[in-house]
Amino acid sequence: MEQIKQTILNKVIRPRPLHSYKGNYGRIITIGGNYNLGGAIIMSASACVYAGAGLVTCATDKHNLNALHTRLPEAMFVDYSDFSDLLENLTKADVIVLGPGLGLDKLAQNICQLVLSNLSLDQLIIIDGSAITLLAANPGLLTYLKKGQAIFTPHEMEWQRLSQIKIADQIPLKNKQAQLKLGQTVILKKYHTEIYHPECDTPHQLTIGGPYMATGGMGDTLTGVLAAFLGQFSSAPLTDVIDAAVYTHSAVASKLGVNNYVTLPSAIIAELPHFMNCTIKE
Amino acid sequence: MEQIKQTILNKVIRPRPLHSYKGNYGRIITIGGNYNLGGAIIMSASACVYAGAGLVTCATDKHNLNALHTRLPEAMFVDYSDFSDLLENLTKADVIVLGPGLGLDKLAQNICQLVLSNLSLDQLIIIDGSAITLLAANPGLLTYLKKGQAIFTPHEMEWQRLSQIKIADQIPLKNKQAQLKLGQTVILKKYHTEIYHPECDTPHQLTIGGPYMATGGMGDTLTGVLAAFLGQFSSAPLTDVIDAAVYTHSAVASKLGVNNYVTLPSAIIAELPHFMNCTIKE
Amino acid sequence: MEQIKQTILNKVIRPRPLHSYKGNYGRIITIGGNYNLGGAIIMSASACVYAGAGLVTCATDKHNLNALHTRLPEAMFVDYSDFSDLLENLTKADVIVLGPGLGLDKLAQNICQLVLSNLSLDQLIIIDGSAITLLAANPGLLTYLKKGQAIFTPHEMEWQRLSQIKIADQIPLKNKQAQLKLGQTVILKKYHTEIYHPECDTPHQLTIGGPYMATGGMGDTLTGVLAAFLGQFSSAPLTDVIDAAVYTHSAVASKLGVNNYVTLPSAIIAELPHFMNCTIKE
Amino acid sequence: MEQIKQTILNKVIRPRPLHSYKGNYGRIITIGGNYNLGGAIIMSASACVYAGAGLVTCATDKHNLNALHTRLPEAMFVDYSDFSDLLENLTKADVIVLGPGLGLDKLAQNICQLVLSNLSLDQLIIIDGSAITLLAANPGLLTYLKKGQAIFTPHEMEWQRLSQIKIADQIPLKNKQAQLKLGQTVILKKYHTEIYHPECDTPHQLTIGGPYMATGGMGDTLTGVLAAFLGQFSSAPLTDVIDAAVYTHSAVASKLGVNNYVTLPSAIIAELPHFMNCTIKE
């Protein structure tokens, strides 16, 4: 496996061109957060805004409107059960996050169906959490994806559901085979997260981060950083952009972990603008 | 074009007279924030309070009540679909912000109609975002405006709608002609924002700020700073007050941009009281 | 007039006895905050908690529940239109704040009637904002007050309504006469606020503070500090406690005013625990 | 009595194993927070997340959804009146907090019944506040508890209700007898809190902390720290884990008390990750 090095940050996070505007940094829609799991999609959207995305819309259960606006007035709101509104906003997006806190019920299934069946070729989609479980249960939806259009972010159990490889058998060789069959990027979240890129024979491995990250919401936060990076660093190779996003997420946590027993997603999110600025100064 | 210089801050932001009270610093109403775009008007109202306005009322969709009070207990709330209540509060205001997150639907149109047709001669109004688009579509509403009573804050596409000048053709000469015809101040938001004052032949140009400001909500925040400056610095020339507000907004962002890859509206808002204090100490 | 000096702080704000618990520091209820003015009572309750009150309940419009708990999870909530619940909590209180953001409608009138007519002899009540206007319009309610039981916190217009003295005629001699007739403490909020104590021939005057305090919500915040001081410093003379609360409120603002053009109520509230600690260390 | 010493922190709060994930740090459910007392359960859940619990679900009145997600997007939400959903989440938990802000009404009684009657043998439960009062009134529920499975956190009046020992008579000997009869751990909150462990003849006593802690919500916060410690330090002796949690709660307050006249629960919660990190560095 190939270790992701800190130098990936400088390759991807570049000083912004002076003459640019928010339209240059991506229009993102994050979709998830049911009645019980609203915090998940709020953390995803927040990470996305704080990591520099141009415009962020959060499609979620209507009960989450106030918490979203309170934590993140910078984001727009869509009631995800209003499929006409959801579709309209979906169409405008450059990058889609599907899954944080989405749940597994009929509405969640219908949202997955709507999103997957309406993707356009130039959109990128990050598929996380319960959306992975739903696609594993309904693999026909995978056929809507153009090769390399999606980034899956499973933890080991979700990867088992999607790849049919038992956790104990998830060795790089088998994971790579399953990823090739899937035709999409796979970020396998675990101790020393592994990234299987369609373009790379060898998986990339993250060796930073630590057990201070073992707390709820960490994966939701990663989806937001990924989306922001995909939205704004579209001129860099996709492989590098994904590696840099995953590295950034854990590097911020490492920095906070020096002084905190547990590094909460909220704290990681708040630190993103400063951390990203430090990388361009080094 | 004439560059706006930092010295404008000292001309406008003056030490407050010792013997003064909140009534001296303007009564502002910010109107906008529909069901989907509540964050926009919350950012406008917040910037207004933090930039020193005396009293701020936020008229918005009723779903935004809690997010407003949570982020900004200093502001009062009006349900903008309650036209009797809206009108009553409108009448009391010195300065009106119309447009952030207002949207384009029938209710938004009716609100524009109500606000424009009930302006009194001594009120100033900042017209932003979708309100510009609505007035462009219904130019009859422009006749309610006394010459020089309004400040329009379009980005280039909104200016195209209002002025009928295509973006590629938006050169100072043509912009000035359109502004003269409009009879109002125009703040054309773009790389190096241009301000067309009714009183000035040459547009004023902002040369500070940077690409860290390329994020959603930046324009909403500007409307709040403008309103606060109009409300509290009413003894300075209007031209200077507008220039100082636009300059302040970007100067705060510049200051934060030294340490942050992206300068979020929330962060700019929080920094306003300190920044304005620094200017009077220099 | 007698100037309130900084030494009042050390007379009132004392190191807490080691062996004490929250019951020793007062049970406060703050009543106000209608559908439009929820922020007012949230600021009052927040100042109360941050200034050291033992237990704080906020009785307000039901729409304000979430904003209250989000800003101040330390406070309890009562829907003030549920008179049975309101009365039950009222009865338990040592100190009552009535008025911030209460409004003037029929419900507000009924709440005033309920509160005044159910006071017990050992309770103290702070009457602020619209509650002053309502009592001025319905002076029969004043008869429910035991001499010296209430602290009125009018600004000049509210004092005119209550005392029938026109603002231009509000000189200390006339104010004192009106206060004597009223039989209660009067804190007349103005440039150099004047406090008329029942026990003192000469009004006490506040000469600190400044125009950075000229912003909405400042008076609401004062009511919370007053209530907290009355609740926890009950062994000091009432005159001193009131003077110390008024002084503290402006002293915190002065401290923040060194670095901020405007000192927002939220910022003052957050600084209270640190400021009060500094006084006991000097 | 045996004083709890600072060394307990190093015995319990250990550097996390590198190869670990959130599942290793406990799945907690906090149950409470009725329509009036939502802040209590939010503080409990927040303390739990900030003290390092792996996954936290908050079961509460549906009105508290937004305040919960706004303050703590890291937590999941359950409407506690939906017994099917509550039961499902209850079953998954390693540690349960029952009581903060629960109230005493019929619904609260039914929730206590549901929780107690569905405990599994390997779950730990912290019983606080009104849940103690409810169990005192309905002692049949106590029979559902396996010996040593519960930690009760009464203040003196709640302990009187549960133990039938009048406050004046609550001497260690009698308290120990009552605790032995109860068969559970008792944390008797008072000046110098006493902990009665089933395994220890002598009560353990907390001698740190101070009167800056005399404010509402302090006990709610303790329940969260306790739950987090039970969830993540399950390999240490239960006695030590409980002592360390109680010590940590007051030690954080002491640290903040150096600079604050009152140490609010919100401030204590925010400091937990940093404090716990300091202990492993000493």
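Letters A, B, C and D mark the chains as written, and numbering starts fresh at 1 in each.
Quick note on the criterion: a residue touches a chain if its C-beta (ideal position, glycine included) is under 8 Å from a C-beta of that chain, and two chains touch if they have at least 3 such contacts.
Since the structure is predicted, the reported quantities are computational estimates derived from the model, not experimental observations.
Note on connectivity: the fewest chain-to-chain touch steps from chain B to chain C number 1. Counting the residue numbers used at the interface between chain A and chain B, under half appear in both copies, so the two copies meet with largely different residues. Set against the C-alpha centre of chain D, every other chain centre is closer than that of B. Annotation: 35 Å between the Cα-based centres of chain A and chain B. Work out the mean CA point of chain B and of chain D, and you get 49 Å between them.
Within chain C, residues 66, 70 each touch two or more of the remaining chains.
On the chain A side of its complex with chain D, the touching residues are 35-40, 42-43, 46, 63-64, 66-67, 70-71, 190-191, 210-212, 214-218, 259-267. Taken together, the chain A residues at the contact with chain B in this complex read 13, 16-22, 24-25, 49-56, 65-66, 68-70, 72-79, 85, 272-277, 280.
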